[in-house]
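Labels run A, B, C and D following the written order; every chain starts at residue 1.
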Amino acid sequence: MLSYSIKRLLMLVPVLLGMTIIVFSIIHAIPGNPAQTILGTKATPEAIHHLNASLGLDKPLYVQYFTYLKDVLTGNLGTSIQDNNAIASEIWPHLAATIELSFAAMLIAVIIGVNAGIISAWKKNSVVDYIAMIVALIGVSMPIFWLGLLEQWIFSVKLNWLPSIGQTDITSTVAPITNLYLVDTLLEGQFGQFWMVVRHLIMPAVALATIPMAIIARMTRSSMLEVLGSDYIRTAKAKGQRMGWIVYKYALKNAFIPILTVIGLQTGLMLGGAILTETIFGWPGIGLYVYNAIQARDYPVIQSGILIIAFMFIMVNFIVDLLYGLIDPRIKYR
Amino acid sequence: MSDSILEVSNLRTSFFTDDGEVPAVDGISFSIKEGEILGVVGESGCGKSVTSLSIMGLLPHPQGKIVGGQIMYEGKDISHLKEAEMRKLRGNDLAMIFQEPMTSLNPVFTIGEQLTEAIRLHNHMSKQEQNNRAVELLKLVGLPRATELLKEYPHELSGGMRQRVMIAIAMSCNPKVLIADEPTTALDVTIQAQILDLMLKLNQETHTAIMLITHDLGVVAQVCKRVVVMYGGKIVEEGDVKDIFNHPKHPYTEGLIKSIPDLYSKKDKLYSIKGSVPKPGSIKKGCLFAPRCDYVMDKCKEQVPELLGSGHKSRCFLHQDEA
Amino acid sequence: MSESLQDSAKLSPEKERSLFVQGLIDFWKQFRKNKPAIVGFLIVLFFILIAIFAKQIAPQGINDQNIAIRLQPPSAKHLLGTDDFGRDILSRIVFGAQLSLRVGFFAVIGSIIVGTFFGVIAGYFGKLIDTVISRFFDILLAFPSILLSIAIVTILGPSLNNALVAIAIVNVPVFGRLVRSRVLTVKEEEYIMAARSIGMGNTRIIMKHILPNSFAPIIVQGTLNIATAILDAAGLGFLGMGAQPPQPEWGTMLSESRQYITNAPWTVIFPGLAIILVVIGFNLMGDGLRDALDPRMKN
Amino acid sequence: MSELLLDVANLKKYYPIKQGVFNKTKETVRAVDGVSFKVNKGETLGIVGESGCGKSTTGRMIMRLIEPTDGKVIFEGQDILNLSKHEMRKVRKDIQMIFQDPFASLNPRQTVGQIIEEPMIVHKMGDRKKRQARVQELLELVGLSAYHAKRYPHQFSGGQRQRIGIARALAVEPKLIIADEPVSALDVSVQSQVLNLLQDLQKKLNLTYIFIAHDLSVVRHISNRVGVMYLGKMVELADSETLYREPKHPYTQALLSAVPIPDPENKTKRIILSGDVPSPAHPPSGCPFHDRCPVAKAICSEEIPHLRELADGRLVSCHLVD
């Protein structure tokens, strides 16, 4: 198991390096003069020269890359062009907001998706199955930015049930400890504020959860159906075991291996989807941070945002790989 | 026939597919006596496995269905029993082992978990008692290192060992009938000999009746007392193993026996049955074997013969008058 | 079995081609049984026809503006209402179908061609070349797809065509991996062993044996990916990184009119419905194709 | 009859098992470990053994579908292991293979005609017309009909597919055919049809067979000489009459006695071996069979026995046989 984990960890190295190369090239692959592109056509030659120097764009490419790599490894993500702040110092609150949102969304997606898939497979071709699968089909086909807009229109504008925008009410602030607001409000014992944060979280989390939930439900169903048709399930039935027990205790563990893969992949999709959701709901996460940077052509921020999200995605998949080892006893011997 | 523990009469099982109803088992009757070993022989698609799944109530749902006949277990018809009732019999009175030992055990649970589960289902025992019983069972089926084995996963075991574990699971509640569906087909010859030996031993020691389903006439000849030969969802011949091998009545049985190469003497040319096994439902009229039969007569193509005879029965017009 | 063969097999050489047709008919029979797939197929067909005959169908031009009638609710004259420039939303959605389908088809075809090429090479030749290609796929797949598209569009500049290119690039590893694993499976089949034992060369084995047997999953995945490509293109459009106004791309339309959702919800609802409908169509069709083409279902 | 066609000498296939963080070769699986035998023109050599004994690997190495780790394969006087890819292709015309699984060994997307014609295209034999005429001829030779050429494999039964596989192998007029479990996937009633066909073809076309199978009765029926393999090694090789009448190696004896005989009167005492075949990654010291051998002596665990010729001409690898 340990050897397996170390091996997986070592396999991450080329992927992480490749990732930095791609992120690094975002600035350098821009046709023409990057500084010109960043500053726009009205920029003075001095300003361009200055930016070139400050970004190190006047040095040979490989030197620039290694400088960049060294910076990233030492936690230096560069400075924002908009406000000249060090990106590393301002990125955590954004990241925390995205983690909170994604985590909530994934929780919704897994709990509902897995159960819907199990019941669909168990009661194959029943009304429940049909309804679940139609809902799932609509879910995978959903443009989540559209769903977000409709949610806002119905639940905020028309019904006035939920706040339409932001992570907190404008009038109240949460004193940041970890910057994960749900945790912070609980740590401070501010249950009213906790509830306020939850209310803000519901709509974006549901919007973000839609596609993964649908995909997980479909995957669970097909994976479950395959397991339920296997020889060892027949063995369990031949023992005289109850179907409910077979499904939840016995088959789920087998079926969960491909489901886990999907959950890992969907986490990445969600981190990407966050850019749409956060834009719509004004959620101050890393997606909105990147979106604003794109609008302002703040390339160092774009780079760093993408780097952080991709890094998180890789780490999630790494954890998923390790979880395989826990579920599947055969994996240790591979 | 009062000592028969399981009596199947006129059982018909069909599969309902997109192309309509396909009869897989078409009116078969046989019985298993207490403590005997009955062989059911036939080639692929003859309905022998479907018969066993029908008895166990394990037909694939919803395609497979028993559409007629009775399965009497200890005098009670179990062919349309409620699932909850059937569960009490399964694994307890009726147990089953399958062809593929590699896939019949759940890969993500230990041998111990899977074995004690079977024990726990039909008995009230403490954890310790369950464990003791599991160890006892593993010893019964001739597996060494029983205590350690309980903590191992199926992939750490060889095919032969897994089949022994499957037998241990099946024997866990001292079943009255053990249905073994091609239990040695996936195994090598020397391992097959071990497993057959074990099954004979268990039959003698525990008096569990065994219904041995196989395509291998050699296995039947060595293990069984009585034999049922199936072809196209019907029983074509039934009788004592010696009668069947020495004086086969049905041309199909005769052809099967003649087409096996002999281990001890070399024949110049093998006998072979012409054509191939028909798809279920493809022959609508007459004896199903007629298109492949060397002795085919006109009426074979029109009418289906009855299974007739006393003791040694056959379903062939050549032997109808012997009844 | 053999009898039925003899009955139907008295074929003359001219009828040789009809066996291929027979294959298509068999496929269609499988596909037809799947009602959801037919629904999907009809939805897709519907949008394709709309895109082809957009000029004839659309009541008005793409950019016929009339401020006097801005943000009007659906009426007999404007079935789906008008937007803030007084443009007919129905007409814009009809023309938008051209853009969305174009992005979907061409992005996916691009990724299939490139992905298949690398996938076959990696899967068939293995060793170092496989490691290099697979690692490269891993790196591309390490980015959430929409994020990578954004990164690429950031480099190329925002436009519908660049969005198309970005989506195509992002999907290359999807097909690359699919084809690679398919090749690895097919390579181990006995008929490939048989082909090698005959003395057949690599190119012939790949072209004649491996590719034809890898086709079905590519088509299935391709259909499903058209759905996600359309969604991603709309998402990029919504973020201002895809089609640019006044192009009637559905995502772009949503982004233009999102501020009017309170007083003119139709400006948001209908473009979104168009997206979801066409995406459902491709998803249903892809699922149906999978069921019909799945080799495990055969025999 | 006794003209030498194929001489296999000390053939080996080792697979390294890589493990751990740095993919170090921790152990070696000796799938085939020094197998030698000769095949004469016109005869059938049977190779039997249980799964994992290396019999299929041996067959595939002769065709270089798997590259041997070591050894010689001398076909008609030349060592084909030294041939270049191009030269090897020519040899492939002379050696053909029939596979086990009649469902997997035919490309499902080709017609039967294309399948049978393909080897001729690869070896540039004749023009299209001649090839198609030959396809028809071959189909009839294996007991199918000319019109079957336009059908797809899935329209045939298992036995018929195996006939197609045989026709494909015959298309290039090979001298040697390696048949790897050609009947084990077939029903009993169909199996004998295919065996008879193989025998008829051998007489008609003067073919040489290497017949690899696990079914001892089938091998006996078709072979002139039989080799028994265990754990990557040949343990006994003899004339089939001699071998089956009086097996010398304890493994051969056990193997033969384990075969269920389709005769209820048969009361031969069976030798039941204990345990499983050891993993080829950890073969026992000395004789590979000694840990399961009912008559093993001390020497068996110490020294590896070599295949040696006995007075009656058979080859046995056992310390205890004279």
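Rule of thumb we're sticking to: a residue touches a chain if its C-beta (ideal position, glycine included) is under 8 Å from a C-beta of that chain, and two chains touch if they have at least 3 such contacts.
Quantities reported herein were computed from a predicted structural model and do not represent experimental measurements.
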Selected interface, A-B versus A-C, where C-beta contact pairs are more numerous: A-C
Most centrally placed chain, judged by C-alpha centres: C
Chain located farthest away, centre of subunit D as origin (C-alpha): A
Inter-chain centre distance, subunit B versus subunit C - centres from mean C-alpha coordinates, in Å: 50
Whole-Å separation of chain centres (CA-atom averages), subunit A against subunit C: 24
Distance from the mean Cα position of subunit D to that of subunit A, given in whole angstrom: 55
Rounded Å distance between subunit A and subunit B, as computed from the means of their C-alpha atoms: 53
Residue numbers of subunit D (touch at least two other chains): 157, 160
Multi-partner residues of subunit B (each touching 2 or more other chains): 276
Subunit A-touching residues of subunit B, taken from the complex the two chains share: 56, 58, 60, 62, 83, 87-92, 95-96, 98, 100, 103-109, 114, 117-118, 121-122, 153, 155, 166, 169-170
Subunit C-touching residues of subunit A, taken from the complex the two chains share: 14-15, 18-19, 21-23, 25-26, 29-31, 137-138, 140-146, 149-150, 152-153, 157, 268-273, 275-276, 279-280, 290-291, 294-295, 299, 302, 306, 309-310, 313-314, 317
Residue ranges of subunit D in contact with subunit C within the complex: 60, 63, 65, 88-90, 92-93, 95-97, 99-101, 104-111, 118-119, 122-123, 145, 147-148, 150-152, 154-157, 160, 165, 168, 172
Interfacial residue positions of subunit A with respect to subunit B in the complex: 125, 229-232, 234-243, 250, 253-254, 327-330, 333
Subunit D contact footprint on subunit B (complex, rising order): 43-44, 158, 160-161, 188-194, 196-197, 215-223, 241-242, 245-246, 255-257, 259-264, 266-267, 269-274, 276-277, 292
